[in-house]
Structures are given as C-alpha cells and as structure tokens.
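Quick one: structure below, then a few questions.
Labels run A, B and C following the written order; every chain starts at residue 1.
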C-alpha cells in the first residue's frame, strides 16, 4: 500500500510543480526572461483568493477566480513596469540586459512579498478548497482536493498545448521563441506576442498559486523557495523546453515523495538537489534543452 | 546711593525668580523622566504583533492611574522581523541610544538566546513573554552573576510538557481511556526539551509513546508524515509546533486523518487561526496560558476585552504575558525605589504578582530553572482549549472550563 | 597618476574615507555597529563585482564563500583555536571551496554557472542544518571570542579592512589582469583568440573573490559573535550582495561598497516605518536600476569618462 500511496501523492505534487514550471519556462523561452518574482506571483494569487473568502465572503469558485485574476494583473505589471523598460532601455548594454532583468524581477518579487506580509502577516494561509472530502483509491484514502489539483493541472497543460500547437496565435508565440526577427517579417507584432505570453503566464501562475493554496497552503515566506524550485526543475528539464519541464517536474516530484516516505521527510529536498548538481556537470543543457 | 535699596529688591526678585525657576525645573525633570521599556518583537507575526500592543495597553493603564511614583511609562517598540541579528541591533540601540530601563523581548527562543549574552554585556534587564527553551534559564543558573539580568516570563518547555500531560491525563486517559500516543513536533530549540518532557510524563499518565516525529519547520507537505503516523495507529497526536500550524492543520482535515491532536500549537492560540485555516481548526486541542472569556484570574477577561476593544482582535498568548510583564516591572521598580539594573533584578526575584495568566513568581538562584516562572496549582497551570465553530472553548481545568470536548466526524476517538 | 587625482571618482572615494574615519567622534555606538556590518557587506559586494563586473560571471551564491569562511572560523574557534588563525583558516577554506566550485562550474556557459553557484548555497544550507551538532543548525553557532567589545575598535577594523580590500580590488581591476578579465567577460572568444587563457584568468578572479569573501565572512563572525544560516548562508544574503553591487554601479568596485552601505543605511533609516522598510528599499533600488543603470556611482560621477 505504501507504493500506491507514494504513487498517488507524488502524482498530485508533481502536477503542481509541472504547472508552475511550465509558466516559468515559457516566459524564458519566448521572452528570454528568468522571472525571479515567479514565486511571489503564485503566493499573491493564493493570498488574494484567501482574502476574497475571508474579507469579502466570496464562495470558493469566485475566490479562486479572484486569485487568478490578481496574479494576471501582477504579471502584466511585472512586464510593463519592470521587464519591458529594462529590455528596451538604451542605457544598458545588450549583454547586461539579462542581469538587470534578473535583479529587477528579484527586487519586484521582494516588493510583492513584503506587501503581502505587511497587509496579511507572514502567517500561512490556505485557500478554501473547491472540492472537499476524501475518496478511496484502491485502499488509499485520498482527499478529493488532491485529485482535483492533478486534474486541473493537466487540463490546463493540455489546453496550453492545444493553443500553442493548434491555433494561429499560439504558433506565432512558438515561432517567436525561436526567431523573434523572423516572426516580425511575417507580419506579427512582437509586442502583441509578448503581451499574449505574459497573459498566459499570469493565468498559469495564478492557477498554480491558487491550487497550491488549496492543497498545501502558502505564506509570504514561500515566495523564494517556490521560485527556486521552479528554477531547478526548469534547468533540469532544459531551459525553454516545456516538455522537458513536465518530465523534470515529475522526476523531482517523485524523488521528493519517495524520499519523504521512505527515508525521512526532513531530507526531502536533498536528492533533487544532488540530481541537479549531477545534471549540471554531465549534461548542463538539461534533459531536453536546446538553447 | 540709589543702588543699595534696588539691590535688595533686585536680590529678592532674583532669588524669588530663581526659586520659582528651580521649582519648575525640578517639576519638569520629574515629569519628564519617564520609565522607558523597550519592546522587541516580531510585528509581522500574529503571535508577535500582540506583544507591543499589550505592553502599550498596560502602560496606558498604569499612566492613567498616575504612573509609577509620578513617573510615566514609555514603551519604545522595535520590529525585529523574526531575525536574531535585527534583534541584537535593536537591543544595542535600545540600551545605548534610547537608554531604556528594561527590555521585553520576543517569543522565539532562538532570538532570546541570541539576546541573552547582550543583556549580560550591557547589564540590562530582559524578560521574554513567549519563548520556551530551557536553555534560557539554564544559562542563568550556570552563570548567575553574568546572566541574572534575564528573566523567563513564560513557561519553560519542561513546564509546558507537564501542563499538557496534566490536561491530557484528565481529558484523554481518564475520560476517553486512550492508551497510545505519537509525539509530533517541529525541529526547533524549544521542542528538544519539550519532547524530553513529553517522553517522561506521557507514560506516567498512562499513554505509551509509540513514536516521536520531528519535522523541519520548512515542511509544506505533511501527507507522508500523517500517513506514517496513521500507520502506527496511536490514539492521539501530542503536538509541539509553533512555526508551523496552519498547513498541517488544514492538511490534517483535508486528508481526514482519524487521529485527534492535542498539545502545544502556538498558532492555534491566535484568534485568527480559524480564518487562516478556513475552519479546518475545528477539533484541535491546544494548551495555552489564557484565552478570551476565560477567567484564569480576575484580570484575564478585563484585559482581553480591553485589548479587543482597542485593537479589534483578541491578543495572542504572548500578549497576556507582555501585559503582565509591564505591570510587574513597574511593581518591581516601585519596590526597589530605583531603575538601577542590579536593584531591579533583586526586586524582580521577589515578584509575587497576580497577572492575567496566574500568579507570577520566579525561581531563585539555587533552583534548577533560575528566573523561570513557577508552575503549579495556585500559581500557573495553563489550560487546554478546543476550537469549535469558530470559537476557542476552554475544556480544562474543570474550574474554568466553559464547554465540552467535541470532535469532527472523521476522528475516531473512544468514548466520544 | 595625475589622471587619477583629477578623476571625480577618486575624490568621492577619498572624501568618503575621511568622513568615515572621523565618524566615531560624533556618532553613537549603535550607528557605528550598523556601519561596521555595512562595511563587511561592502567587501562582499566588491568581491562579487570583481567576478561579475569583470569576469562576467554571475555568482548567485556569494553566500557559499562567505559561509565557508564564517563557519570554518567559527567552528575552529569553538575548539579553542585563537581568533587570528581562525580567520586565516576561514579565508583559506573559502579559497579551497571556491576552487572546488569553480573548476567544474567555469566549464559551463551563461546562466548555468550562476545556477551551479546557487545550488552550492542550497547544498551548504542543507548540510549546515543536517550537521547541526557541529554547526549549531538553524539556531546558529555562538562563538566564544569576539574581536573586541568596543564599538569604536570594531568600527575601525571593519573600515580599514574595507578600504584596504577596496584598494587592492580596485587596483586589480585596473591592472593588466583586470583588463584581460574584462575582455574575457565581454567577449571570451576574442580573448581566447588573442591568446589569453580565459579559464585561468576567470579562475584567478574567482579565487580572489573567494579569498575576500571568506576573510570578510570570518571577520564578521567575530564581530557579531554568532553565525547562523539566516544571517550568513542564505539566498537573501546573496540577493543583498548582488543588489548592492548592481545598485552601486557594476564594474566599478567602489560602487559596490557604496551600494552596500546605502542598502543597510537606508534599511535602518526607514526603521520607523517598521514593516514597510524592506519594501521601500527594494522599490528605491528598482527605481535606480530602471532609470540609472549605471547605479549610484553613475549618478555621482555623471558625465565622466571611465577607463
């Protein structure tokens, strides 16, 4: 039964990691930005949803939508206030843009985190689950919330895949990640594409944040570790590769779960870290990396 | 010729003026010489936010009644952002720049332990309203002359364990015939002696300790831990958690873990805990030193109500102790007739004060827990409460209980 | 030499030093203590700037080198080794650690180098917590000896250390070695084609950076009397160092020190605002980065040509 327990528990947490990592890698792949405020944006979504329930007395669905919306707005703010000005600034030499965007998003993330702590304290918050109760899967008592999380994550990833591969605008986005100049020649406005990708990113991060809030709970302190974990998964999978992130998310998720169950919950993060180190030396571009 | 008479009038006028002026000066000096108490606390944490507020409330009350021998109490607060380094800096600033007479500091053991050597170096009285580590009093006992300026204004971990056991004996063993327990605590300075205390006193009350799980305070996913505990089939989980609380409680409810929780859960004592967990707190049993509408002493309810009236929410456990601390510091200053640190230490050692959490007395130089609070009937016993329908209901000791224990449906507790 | 005396940068630095040396006569012990910590952070940031500003390598984990220096010194002192050997040992350990990290890491391109350094910090944090028996874990290590209990003495030690380090690092950056580093950082292929051993030079930069970081870390431990994960080996320490260097003006060495002092002073000046102080400091830093990418030093020396 332990094996089944690990299978079920690992699946849900990996799905959540996958959703978070996908957004992160998408932004890097298309607009070249390593968004270090990623974790803060997720926490923002969860805390907004919590606030909607507790201060505005909204129902679970409405609160979730409110949370996702908040992250979406914050994602746009990240792009327009921090990223775009730095990327288009003429005072910054080209090869330094990356470090500036990095530092800028880092500061932005800290600002969001501190604001959350200021208004809502640094105590952990949980989001009202949309689905409650437990269900029996072959003898493993599983909260329905967990199943809901996994399902939603995969549905969203599926929808994303459809958009990117099957719709015209989606394919434009994909093209832009490979050759931005070429895409403009085809008549697409790059700025529109960037706005679209940040919008997608905002929704992804928002959903991931709200789900995380429902499943495990978040606090303003979670922002940093969440960014760090998304970062490592994306590196493992290969910067810029969505399928790589998915696979890596599951590898990391299951490594952590197995460690927590079979060795010791305190050492949960260590095997994934060691794996990351190993990959860095043996295959730095990650499993499916192409950049 | 004209000068002579003028001189004498002038002389009289001048001396009169001088006398008047010096009277004013003395009056000013007395009125302007407040007793300064620094409050170093974690303003962004729910437990910590109550500390400066409660202290201010106490100061306002004392000042309204004329202060201490005519001197007003001034509270100077510092937000340490839960950091030991910031706390040390704040302490240095409080003593050297703001020239405070005493410091009330933090509910986190790591912070208090970092400050203890500084209280010694700067020879300033420091009292903690919430930390629990035994190391605090141990350092005082081992080097009294150096560390005597520190007082432990809260129950030590050892006493907390005893308080939980005393409550558990009545509630769990006698009433519900429970036989086995698993200790569930976070890895921190204060839980090491707490767990030692649990392992000693639980078997004495009839609960066999099946396992002892210590988890990192950074844990976010408790599923594997709960599964492991469930596999061992204990009747109850005895807790020792402070940094974590919301997340394990919510996951406990979501996963419908059929084992009840009782013990030290600092976050559960906060009035916002119900909201933070979206109601998952229902059924959680926790130890505290007082609670809203619980008349632990005649001062408990008036304080809680005054706090709620002024700030819009009930105080955390550290609020009660901080409030008492301002009062008995003022009392000690009065008895000592001075704010000199060594005299203050001697006066504090003789404290016998009815506070909001019980009767406050400190252990002496020869006792094991020097400058720790004395525990026991007639002094401080602590109490056990349970969250029910959004309210904290006192369930033990029977003298102050205002409700009966009730568990959510997924709990299998014998003799419900 | 004459050119140096005419440069605005030199005079700013000179005046700054004079002011700093005279400060203890007027200012309280508390502020001196604050500046003492700021000066050590200044050295951390300057060491980081040498690596990034010149060698072009983004080190996300300065905390790894700092931590090695600090904890080595602290643990040895706990076993009775006197203060100065401990400090020396700390610096040496940081260099060794730096080499171990750098040798494989320098083979990696771009962001991957940074990531390796980040991972190094994470591993170190976990090791410290796991071996809590020796390191004191999250609670921290209390060191029996301190450099001095006198605020003035501590202040001067930190200030002199920072000035000396600054001079050495700055001189390095302007030396032929520094120029080669700059070339390697901006165009490694060209530099390699010109016959320079890029990797060897970057490794040298790393070692120097490690040496100063470790030394400063060890000194800081003996100033504060404690070392813990939260204060010395965490991502936030790395973040502060990086922000300080970028904010102050990268590639200037001096700018990094200014940035560090500014960050700590601003954080303190905003203390009355309590919880919002970190927010405001970050916001200010963001604004500076957005509008004046050459940093604070850029604002001060506006209109001047750099070498």
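Descriptive notes on the structure:
In the analysis below, a contact is a pair of C-beta atoms (placed from the backbone, for glycine too) under 8 Å apart; a residue touches a chain by one contact, two chains touch by 3 or more.
Just so you know, these numbers come straight off a predicted model, no measurement behind them.
Taken as a graph of touching chains, this assembly is complete, with every chain in contact with every other.
Looking at A-C and B-C, the interface holding more C-beta pairs in contact is that of A-C.
Distance between chain centres (mean CA atoms), subunit B to subunit C: 39 Å.
Per-chain CA centroids place subunit A at a distance of 31 Å from subunit C. Residue positions 117-118 of subunit A each touch two or more of the other chains. Residues of subunit B in contact with two or more other chains: 44, 187, 216. The set of subunit C residues touching two or more other chains comprises 275, 278.
Interface residues of subunit A, counted against subunit C in their complex, comprise 34, 82, 85-86, 89, 91-92, 95-96, 98-100, 102-104, 106-108, 110-111, 114-115, 117-118, 224, 228, 231-232, 235, 239, 267, 269-270, 273-274, 276-277, 280-281, 284.
On the side of subunit B, the complex with subunit A involves touching residues 44-46, 49, 82, 187, 214-216, 218-221, 223-225, 227-228, 244-247, 250-251, 254-256, 267, 270, 272, 275-278, 280. The part of subunit C that touches subunit A in the complex is made up of residues 52, 56, 58, 104, 108-109, 111-112, 115-116, 118-119, 122-123, 126, 130, 186, 235-236, 239, 242-243, 246, 250, 275-276, 278-279, 282-283, 285-286, 289-290, 292-294.
On subunit C, the positions that touch subunit B within their shared complex are 28-30, 33-34, 129, 138-140, 142, 149, 224-226, 228, 230-231, 271, 274-275, 278.
The touching residues of subunit A, when paired with subunit B in their complex, are 5, 9, 13, 50, 53-54, 117-118, 121-129, 132-134, 141, 143, 145-146, 215-217, 219, 222, 225, 257, 260-261, 265-266, 268.
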